[in-house]
Amino acid sequence: MNLSLDIRHSLPGFALDVQFDAPSGITALFGKSGAGKTSVVNAVAGLLTPDAGRIALDNSVLFDSRQNIALPVHKRQIGYVFQDARLFPHMTVEANLAYGSRWAADRPGPTLAELCGLLDIAHLLARYPRDLSGGETQRVAIGRALMSRPRMLLLDEPLAALDASRKADILPHLERLRDELAVPMLYVSHSVAEVARLATTVVILENGRVAQTGPVGDMLSDLQMVRQIGVREAGAVLPARVVAHHADGLSELSVSGGRLFLPRTALAEGATTRVRILAQDVILASDVPRGLSALNILPAQVTDLRAGDGPGVICQLRCGTDHILARITRRSAEAMGLTPGHDVHAVIKAVSVDPVDVGRG
Amino acid sequence: MTAWLGPDEWQAVALSLRVAVVATLISLPFGVAAAYALARWEFPGKQLFNGLIHLPLVLPPVVTGYLLLLAFGPQGPAGRFLEAAFGVSLAFRWTGAVLAAAIMAFPLMVRAIRLALETVDPKLESAAATLGAGPRQIFLTVTLPLLLPGLIAGAILAFAKAMGEFGATITFVSNIPGETQTLPSAVYAFLQVPGGEAAAMRLVIISVIVSMGALLASEMLARRVARK
Amino acid sequence: SGAMADTRVFAAASLKTALDEVGQLYRLETGNGMVAAYAGSSVLARQIAQGAPADIFVSANTDWMDSLDTAGQVRERMDLLGNRLVVITGASGSTPTGGPLTIGTGRVAMAMVASVPAGIYGREALTSLGLWDDIEDRAVQTDNVRAALRLVAIGAAKSGIVYQTDAMAEPRVQIFGTFPEDSHTPIIYPAGLLTGARSESHAFWQFLQSEAAQEVFRAHGFLIPEVPE
Amino acid sequence: MTAWLGPDEWQAVALSLRVAVVATLISLPFGVAAAYALARWEFPGKQLFNGLIHLPLVLPPVVTGYLLLLAFGPQGPAGRFLEAAFGVSLAFRWTGAVLAAAIMAFPLMVRAIRLALETVDPKLESAAATLGAGPRQIFLTVTLPLLLPGLIAGAILAFAKAMGEFGATITFVSNIPGETQTLPSAVYAFLQVPGGEAAAMRLVIISVIVSMGALLASEMLARRVARK
Amino acid sequence: MNLSLDIRHSLPGFALDVQFDAPSGITALFGKSGAGKTSVVNAVAGLLTPDAGRIALDNSVLFDSRQNIALPVHKRQIGYVFQDARLFPHMTVEANLAYGSRWAADRPGPTLAELCGLLDIAHLLARYPRDLSGGETQRVAIGRALMSRPRMLLLDEPLAALDASRKADILPHLERLRDELAVPMLYVSHSVAEVARLATTVVILENGRVAQTGPVGDMLSDLQMVRQIGVREAGAVLPARVVAHHADGLSELSVSGGRLFLPRTALAEGATTRVRILAQDVILASDVPRGLSALNILPAQVTDLRAGDGPGVICQLRCGTDHILARITRRSAEAMGLTPGHDVHAVIKAVSVDPVDVGRG
């Protein structure tokens, strides 16, 4: 399933002019507050009718200003988790969820019981929305949208109000939806960690326009992107394969550049996945270091160096056939005499690969 | 009790109740439709439509009744049409009293429903749309339930108004005992003769009890609905 | 017989007590029924003009009967009742002095002098007695004559100008004086058998003119106009 | 134009306008207070209070007028008190017409304001409280402005009702040309005589134009206020 | 200024029973969705009247069920940034801000212009709230609360809807408020990074009760806390002093265990501050490693080791007079033969000390 979008719309003091293609999987819409993310998502849902343009989901045209097509919202079969949950105040949580399934398409999807367990909302079923806390509200809203078994799911910062452990509970389910049901998603988020884990494609909006777009791996290991994403969150995403699970709780994965030891993943041996390695979690060493607590040491070659405004340098390395990024100080770069072509060792702490950052491939 | 009110008076009470209930029920769907159109749509002549609905509030009731008589009387164009097409005759019938009461109560009903409608957040309706509900279904499952307190208030207001309506009714359908003599018409007749005050007051008390009871019930109902 | 439909009389509201009694008498004597719809003469006349299902119309003044007559809606017509115009005061007010009619100080309650019959007669009479200029600014005009009566009864107005029939039925007022008969147009309640009247209503039409009915009217203070020729 | 209506009629138009405007303005603060009490407070006898406010809607206008006369007439307790204490006399005065119009329009006004009040989110009021605004200030700066569309609607509804009020007014203050002869009284008078319909209709048209104008203005005003 | 709170309150299906003292500075309220954070904050603001208990700000009693005291909300002079912004819909952004200052106490505070610059809302002043995006709304809400110059500020997840760069813009201002105006704050957050940077005290709520409470340094370097906070976010906060700013963009700080090189901070030389070192950013080395891009290598001694459920081990180290945490794999711990008392070297990447994690001391 492929969403292609090309819209123009102007509001007083703000102009939207956005084109992108979102292939199967999850497309992350990323951008600062006020960049136009919600507006784009609303256009897909049909809640905002752009001045001009075209939006299509595979062969089904949702909107086309030239052909004068604008499919009504309720016929689009597009689920929407709103930034402001919008639960129905006159219905219990249970009725809100049931409402979601009322006009659901005949498609496989999670049951009410499954969703309750997953979102930890079973104890809230009899309550009315005004008796829920902020996070509870959002969880129910996610549940309601999933109950409608949509062709595509729009999520507008759905996890912003959730704590880390609830986030971690929900993310796998979104992944499963993406993979098993092939429900494509447009996912608005401020969190690179979420984006890196979930997204197949990243679209970066800046001031109503697409600043960058591309597959998540390329985007996150692109030196140009470091600026957009913020230095703290920059890092590469590598395809990997689970080789073995070890008795001491580590899983061994192979990447093109060698072996990585990570905290045990739930994936079966042989499964493919991807791991995210933050630039700042990589230490470079001239020689193979010894007596270190870090388990993962991969040989690599410097391919590019880019100095920022500060004291840092982003170093792009070829590691096998993939690229990884390392963020080091200029002082270290000079001390080690790093230049493109230089051979180094990338030291990566096993534990620095976030479980959240090991998604399915 | 039968001694306290004569049979004619009991008949008037029963008729008034019937007229008010039927007028309220019949005008409810129209009231909702009109309120919806006014609250949510833009169309040419909207303000004219709005004005027309409010006309009975502004006109002296006698004038409204007279206009009804001219239009729906046996000689009136609408009256003739209804008679010919459906065999329905309104003038000097209790059905005419229903029409008069409904028309007089309509602006109050529409006002109340419209105000309630304007407070229903359209964001909730668009949320329902994304879940696959069509316009009609959204209306029935989201808008209408959220509207309910206002709807109840509007209906009861209309009922109370219909119970008390006099000027338009007596002018349109006269004051025929057993057919068109409503409670207020009976009160009027009593007030026209010396010494009729006591009988009039008895009727007024009944009317007040009924209307107040309805009002109170609506308050509690609306609260129950809203508290959910 | 029970098969006969009730005669439907549209009558001026001020006739209610008397006419209801006549109706009962009629039922007692003949076993037939009469149903009266009471409202203002103007309302009833307009309804009849628009085709109301009435058999007999009793108006409080001749104008409305004339207008129906002119329109050809009246088959047979008679001057059913007459009345007198009186000045009233509260029951505790000063007692009548005899001599020429005077009206005390304070507000004078009367029906609207331009439109309601009792008011029209009243102004006519006051004018002919030379009292109108004095009264005009103190006149409190009501929408019907009963309201004027009520104002005097509860003491909101010192005196009032009403029909004799009204004054007689209200214990809280007393008649202070009666206008001379020639000071105003004769007060006539015309009755009309309407063109659309059903045949069974003829019996009641006859009964209205019977001695028994007239007795009832007289008891309520009405006059029975002499039938010409 | 002066030929079209006689000087008496023009007087009646002017008086009706004055009565309706004054009645609306005077009852507005009371209407807001009553609506506030009903929407926001719980107190013993609340339903009784609510019923009392709605009484004029339910009672035949003539009865309301009669009760006013009994209470505020020259012999009535309230009338005597006002006369003695303030030298204010209401019966047979245009001020009495104001009272009658205000009382008849009051339930409509309170209803509208109350419905609007119930839609003002108390969360915004508590936000204002955390910013240091006291209850009175919250009311003036948050509640009242958010209430404005409903307030305007309520006021105009009351104005229209006051323009058209007849039964209670004529019963309470009679029909004294230049003092208490309102537009509806004049209409009534014209309707009492055969052939008076044309003159009555001229007055009705004026009344409708005024009320409709007010209604239209209120719609636009309320919309301007709400769109902000 | 000290907030002392001891309240009990029951809702259908939920009971609140919370006691804590919040000394000057920022107290973070931390806990899962539905733990009762908003309820506690509401009680302090006066929006929820607890069934029983006492709340006092220094000597001023806000609430005391025994003495029958319950100061009205508007007399408490407590600012509140709501989870749902609650801007006045009938006022422009400018009027909303002005409203905040209308009954402001006579206390120093930021001006409208300063706030506009800080929160990047100057271009929104003429708009009405419904024309703002989610993040814009929240920024204005923060501005409005600050305009009222409160004795204490309550913040209910104020930054959840903001992107990283806006967050980073606002945080310093909250710090400045805390330090310069001594405005104490009760800060509800899901983000340990925010908490670590801002908070003086941490209160952890669990299911309506206080699970843990204490100064932020102790809490974050406490091994017991690792579980509550989540392994990814565990780490120590060390007091530090700025020693020098170097030409290559690095700042040199002294901590009790030695010197740290960080990206340049805005602090003056000689200023005291604190730095947060995440457990997972620390690598242990048996000997002083050479040829590494990591600049910061501090001698340390293992004081405690705690194994988790997974393959990881949290290692508490004495470093000077402070404690730091390191998260390593069990495999490494065994390979290095780590036991309490063992001397090691802690390798910390200069850049792994987040700028956000360098707060004022």
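Going in written order, the chains are labelled A, B, C, D and E, and every chain counts its residues from 1.
Operating definition for what follows: a contact is a pair of C-beta atoms (placed from the backbone, for glycine too) under 8 Å apart; a residue touches a chain by one contact, two chains touch by 3 or more.
As the structure is a computational prediction, the values presented were derived from the model and not from experiment.
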Chains in contact with subunit A and with subunit D: which ones?
-> B, E
Listing by label each chain that touches subunit B and subunit D gives C
Hopping only between chains that touch, the fewest steps from subunit B to subunit E number 2
Would you mind checking which chain's C-alpha centre is most distant from the centre of subunit A?
-> C
Remotest chain, subunit E as reference, centres from CA atoms | C
Whole-Å gap separating subunit A and subunit E, where each centre is the average of the chain's CA atoms | 26
Averaged over CA atoms, how far is the centre of subunit C from the centre of subunit D? Could you give it in whole Å?
-> 36
Between subunit C and subunit E, tell me the centre distance in angstrom, where each centre is the average of that chain's C-alpha atoms.
-> 91
Scan subunit D for residues touching two or more other chains and write them down.
-> 188, 191
Considering subunit A alone, which of its residues make contact with at least two other chains?
-> 84
Contacting chain pairs - touch in the sense defined above | A-B, A-E, B-C, B-D, C-D, D-E
Please give the residue numbers of subunit E that touch subunit D in the complex, ascending.
-> 45-47, 72-80, 82, 84, 86, 88-90, 99-100, 102-105, 128, 144-145, 148
Interfacial residue positions of subunit B with respect to subunit A in the complex = 123-124, 126-135, 137-138, 141-142, 145-146, 228
The answer for subunit C against subunit B in the complex is residues 8, 10, 13-14, 16-17, 35-39, 43-44, 46-47, 50-53, 144, 146, 149, 166, 169-170
Sort out for me which residues of subunit D touch subunit C in the complex.
-> 66, 69-70, 73-75, 91-92, 170-171, 174-177, 185, 188-196
Residue set of subunit A touching subunit E in the complex reads 11-13, 31-34, 38, 83-84, 123, 127, 131, 133-136, 139, 157, 160-166, 190, 230, 232-233, 248-250, 261, 263-264, 280-281, 283-287, 289, 291-295, 310-312, 326-333, 336, 347, 349-352, 354, 356
